[in-house]
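So, here's a batch of structures to check.
Next come two complexes built around chain A: one with chain B, the other with chain C.
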Partner chain A sequence: MNKKTLASLVGAVLGAAVLTAPAHAQNVKVGLLGGITGPIAAMAPSMLDASRLAFNQVNEQGGILNGGRLEVVVGDSACNPQNATDAATKAVNIDRVIATVGPHCSGAVLAATNSVAVPAGVLVVTPSGTSPEITRINDRDLVFRTVPSDDYQGRALARTLKARGITKVAVAYLNNDYGKGLAESFKAEFEAGGGTIAGYSGHEDGKASYRSDLAQLARGGADTLVIFDYGDGTGLTILRQALENNFFKTFIGADGMKSEAVIRSLGAANLTNFFASAPVGEASASLDAFRTAFSAAGGNPDAIFTTTSYDAAFLVALAIEKAGGDRSKLAEALRAVASAPGEPILPGEWAKAKKLIAEGKDIDYKGAAGDHEFDRAGDVPGQYAFFKVSGNTYEAVGEMK
Partner chain B sequence: MDIVGLANYAVFMAILIGIYALLALGLNIQWGFSGLFNAGIAGFFAIGAYTSAIITSIPAAHRLGGFELPLLLGWAGAMVVAAAIAWPIGKICLRFRADYLAIATIGIAEIIRLVIRTEGWLTGGVRGITGVPRPFGDLPYMQSQIAYLAIVIVLVLLAYLLVERQLKAPWGRMMRAIRDNENAAAAMGKQIAARRLQAFVFGSALMGLAGALFVHFNRSITPEAIDPMIATFLIWIMLILGGSGNNRGAILGAAVIWIIWSVSELLTDRLPTELAIQAKYVRVFIIGLTLQLVLRFRPEGILPERQPVPPPRT
Partner chain C sequence: MTLLDFINFYLVPGIVLGSIYAVGAIGITLVFGILRFAHFAHGDMATLGAFIALALVTAGMDPWTALPLAMAITAGVAIGIDRTFYDYLKARPKIVTVMASLGVALMLRSVVQMLWGVDPTTYVTGIVRPTDYFGILLRPRELYTLTAVVLIVVGLELFLRRSKWGKAMRAMSDNPDLARLSGVDNRKVTMLTWAIVGALTAASGFMLGINTEVESMMGWHLLLPMFAAAILGGVGRVQGAVLGGLIVGIAEELSVFILPAQYKAATAFALLLLILLVRPRGLLNGKVL
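== the complex of A and B ==
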């Protein structure tokens, strides 16, 4: 590259800087912090696109407040605390955003909220931070999430088993954050409800035989084995070996185990006593609305965390509208627009929501990923159903409370 | 953009630069003055961060600690534990020369990272540690940041002065001698192995202190912070760019690299959103390019090592 092209490039950048920085008094700036570089770089673009779809819909359908535009400031939180705090500081202080969607990863959320967003009084809604630690942030009611904590599924599963009359189980979990997180919350809730954990052990990935682990677990005398693992990985091996050796009668898995690979490999006939919990949001009108809009915008609605990313962005926009742009009222407004009672608002219905808010009516956003009734910590309970094997696929046999 | 916002951002940047400057100073003792290629900075950074977090945080059921001890104890603990872990590592690994030592330390840092990830009873595992106190954390946003900056500045200054003093002393000259010609130094009766171990432990303790400052600033730590990209290689680039063998260079390098890293995003954010998102990948490239340019055109760094003036002959 010679000096001339370099100079013209610099000129173009500066020119663009001048052109794209018009100052409208009514415009509202919102931060969008994502793991653009780093370990989730492959997932982040779809998540950012989903959030930006929500902001674009707002701008197309009458804008925010008095016809202002929502300006998006994208920051790279890179999935680590160093970059997350840097991106959040810039968004909060330089761009003066009043709320952020993201950061994406739990560690980034913890650092950015603790050291920047909460002290500065900026609302944070994360679409993908699932760590239970986020619940415990001393957040002055400023930190919310549209994705359920890992805690919920384990606890919901424990309650469901109790309701079905199972009081004694053994637990085998994969020793990583997914398996361990689920197992811990399951154990706590199951024992609190008077259940007995007759065996509890973690296993490492990819071994050829888990018979000795299973024999150890079976020694506790439980009929039911709860497996927190992946059905297309180690979980399948464990399930097969437990069936072959008749260690247990009933098998329960979480969403990782609800894999078609299990049915293909073991056959539905052998899986009459196999059940799995998994999140549901499927077949709701909200999800359809999101899928149509996101596909039309060129996105892939099946990509992970796109629904929660969209909901986080749309909720932030609704909250800003409801609060009249006043940052001190944002958290309260967010709870108001997300919770029942109120007129239901589906994804993309910005004009309708704006009109209702202007009339002073209460609204209730029904998101693509769920209803988003925030609890006191700003968490959403996930919606899960209990599945059994039916033919070559899974069939829901009941909701989980 | 306004003055208060800019000031807040500048203070934040200065805090991170201070933390990185401590890491660079620690590395300067090891590489700049003793020629030890430590590619496991992230590991000692993590040890410091977790030690101080465990000592000072509020209790939690699922991991060790939450002893709620005073902050100074946490910081001292971070340095002591980082040094204590560096000692056996150095004892074994320092027998390796240059590139072998680099490979060994990369391995060590990875082991430390995996231990932190999997030993939940000790470190909270993948959930990390939260509830770490921040000094003056209850003040309003800006005051709290400024107070923390003051602490960081005092510690960096203290570390700088002490390291500088140590290097002007005979110890510093001896380390240079060992670095530049090991055989000659050995022939002069210097205990090479013991001296190199000292430098390794001393530098690691400073890295531990940097980790402690980082964890209290963020009030939390998760294994994601031990990313070698941001906690090892970035610091190498800082030291090389600033000038290895020069403590002021180490601090300057930390400032320059972090400012390039952080401020370049501000510039690219003025572009239309689509381009701005793509430009974020370029930041990583810019850092690499900077290193290439420095190595090509100014391998001694911005502030090269000052050769000590020999005493006048009498």
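== the complex of A and C ==
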């Protein structure tokens, strides 16, 4: 018997030992990665609490699989690629999680999935990475999100402008993942619909003057300016300088521009031709169920991304249950539990879902943030409305198709 | 594009921006010329000055009346910072003070963020449409900004050339030991320098704020162009800082003709590199005041 055969024999025996391990009362580890430190440190605690609420409900209502518990491994992705990779590496390779909720920020999601989670075959559901780049990850169907991609917003905005009779625009975007992603989606859809982009340029933030940028954009002859930027940052400077110099007549922004700071600084009277798109939540029994449960647990259900964080965690738990703990079937199981048809499951209804899965029935999770019917890339569509300035706040003037 | 369009939308914004850089760069050049270190807290001191002015405006003052008062208060703060941090490190290698000034920058910014928050705000709500002067479009605030810059530069030049204390500052910039032997009180000159620098930073922060918005990162974003301006003109030279500021400001605005707009911020870097390669002493031979 040579060494090679011996080695493979030992390997086979070890493998068999793992396979025949008792299947009852086995705990399952899941990762919870979030930007605990860094730029979104103020948002992260509520998001993590919302995800923990879902895991706690699972453990209180019969646990996962055969009476096992979900063990949560928390990692700090710090909203940056390096920390996200480190946190994901630890969760995947040391703690051996089979799925993660998070990371939170787009850049962190891209890094953690490309370099760690996808090669290891670990399911990732992010509650807040909105960059269109996440759609394009070569993810072997392992990367999902419960928050809509900015791509939908850019396209919806393009269609809305067309519907309002605007056919020629100039686009100014902030040169980062957010601004650039939105601008590219908008441009593609607007041009596909027969519109003309008469000026298209990116800018860095923090400059004192954008008048020359605006003059260049205005030379294209458009009288509508679309700004993909933040209304409590550079976007405000650009809007002010465009208004003061009469470069454009109408101004359109996306959710980043829908900031109270714009109205406070420029005055509502000057903003009669300023419009912005923004995602809107849909009232539903699911949302009410989540709000009640999260408030009872001491959380603030109005904090940003709490609904998507809760849904991401609950969906991961459902997928693990459906797949019987088999990581290779997780993605397929996630689609099955999230999509119609099936018996509707609302937030918190773990015991009911577990029973139905055990009976082999199909279920359809109706989340607090929406229905979560994942498309081929693992994205969910969003609901957006078009806002105008009214008084000292924003007022919706219509749905965006 | 007509000539008037060029003046209104490229040249005038460049000159206004350049003047703001110039006022900041004078401060950098004074610290470097007299105290001999690169002061990284300069931008955030400008932020603080802008917010002190904001506090005065919120209390009911007219912005341009608030400016001198804000300059005086910031001058006091600058002296305080010197006494608390830089003076203590005087005998150590200068690099320690440079690093300390970076720490001071972070502290100042945090204080501003704690007191006033991180949301941008403005001195005056609303927008101001320009007045037409024979085709050249100018806003009152731009005229005031340019006037204020001219007054500051002329006043400072006169002070440095004619007054006893101005001469003492120049002497210390030339050779601190020799100045002390000749009876110049280095301590007092240092205090005076910080008072002037503090007032200048407040002025640059205020003028940036009134032409755009007031927010906690505004000064930090100014730092690079201000350093570029100071080095471009020749470190230690007041006229050099003014010249450098104007060149950097105008170059940034004109760069959109040849570069995509997202590279606008890199223009200051490019100019800085170029001058360091071609003429490291700056346009007006730098070194002493």
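The criterion applied here is as follows: the second predicted complex is superposed on the first by the 247 of 401 C-alpha atoms of A that agree within 3 Å, B and C clash if a C-alpha of one lies under 4 Å from a C-alpha of the other, contacts with A are read in each partner's own complex, and residues count from 1 in each chain.
Here is the rule we use: a contact is a pair of C-beta atoms (placed from the backbone, for glycine too) under 8 Å apart; a residue touches a chain by one contact, two chains touch by 3 or more.
The structure presented is a predicted model; accordingly, all values stated were derived computationally and were not measured.
By the document's definition of touching, of the two partners only chain C reaches A:Thr237; chain B does not. By the document's definition of touching, neither partner reaches A:Pro344: not chain B, not chain C.
In the superposition on chain A, A:Ile36 makes contact with chain B only, not with chain C. When the two structures are aligned on the shared chain, A:Asn175 is found in touch with chain B and with chain C. More residues of chain A are touched by B (comparison of chain B with chain C). Contact with neither chain B nor chain C is seen for A:Gly68 once the two complexes are overlaid on the shared chain.
Once the two complexes are overlaid on the shared chain, A:Arg264 sits against chain C while remaining clear of chain B. By the touch criterion defined above, A:Gly193 lies against neither chain B nor chain C after alignment on the C-alpha atoms of chain A. The residues of chain A shared by its contacts with chain B and with chain C are 175.
Touching chain B in their complex are the following residues of chain A: 13, 16-17, 20-21, 36-39, 45, 48, 52, 72-76, 78-83, 85-87, 89-90, 92-96, 105-108, 110-111, 114-116, 119-121, 131-133, 136-137, 175-177, 180-181, 184.
Across the complex, chain A is touched by residues 1, 5, 8-10, 13-14, 16-17, 20, 119-122, 125-130, 137, 139, 208, 211-213, 215, 217-218, 220-222, 252-254, 256-257, 260-262, 264-265 of chain C. By the touch criterion stated above, chain B contacts chain A in their complex at residues 1-2, 4-6, 8-9, 12-13, 16, 62, 118, 120, 124-128, 130-131, 134, 137, 140-141, 144-145, 214, 217-225, 227, 229-231, 261-262, 265-273, 275-277, 280-281, 283-284. Listed in rising order, the residues of chain A touching chain C in the complex are 175, 201-209, 211-216, 219, 232-233, 236-237, 240, 243-246, 261, 264-267, 269-270.
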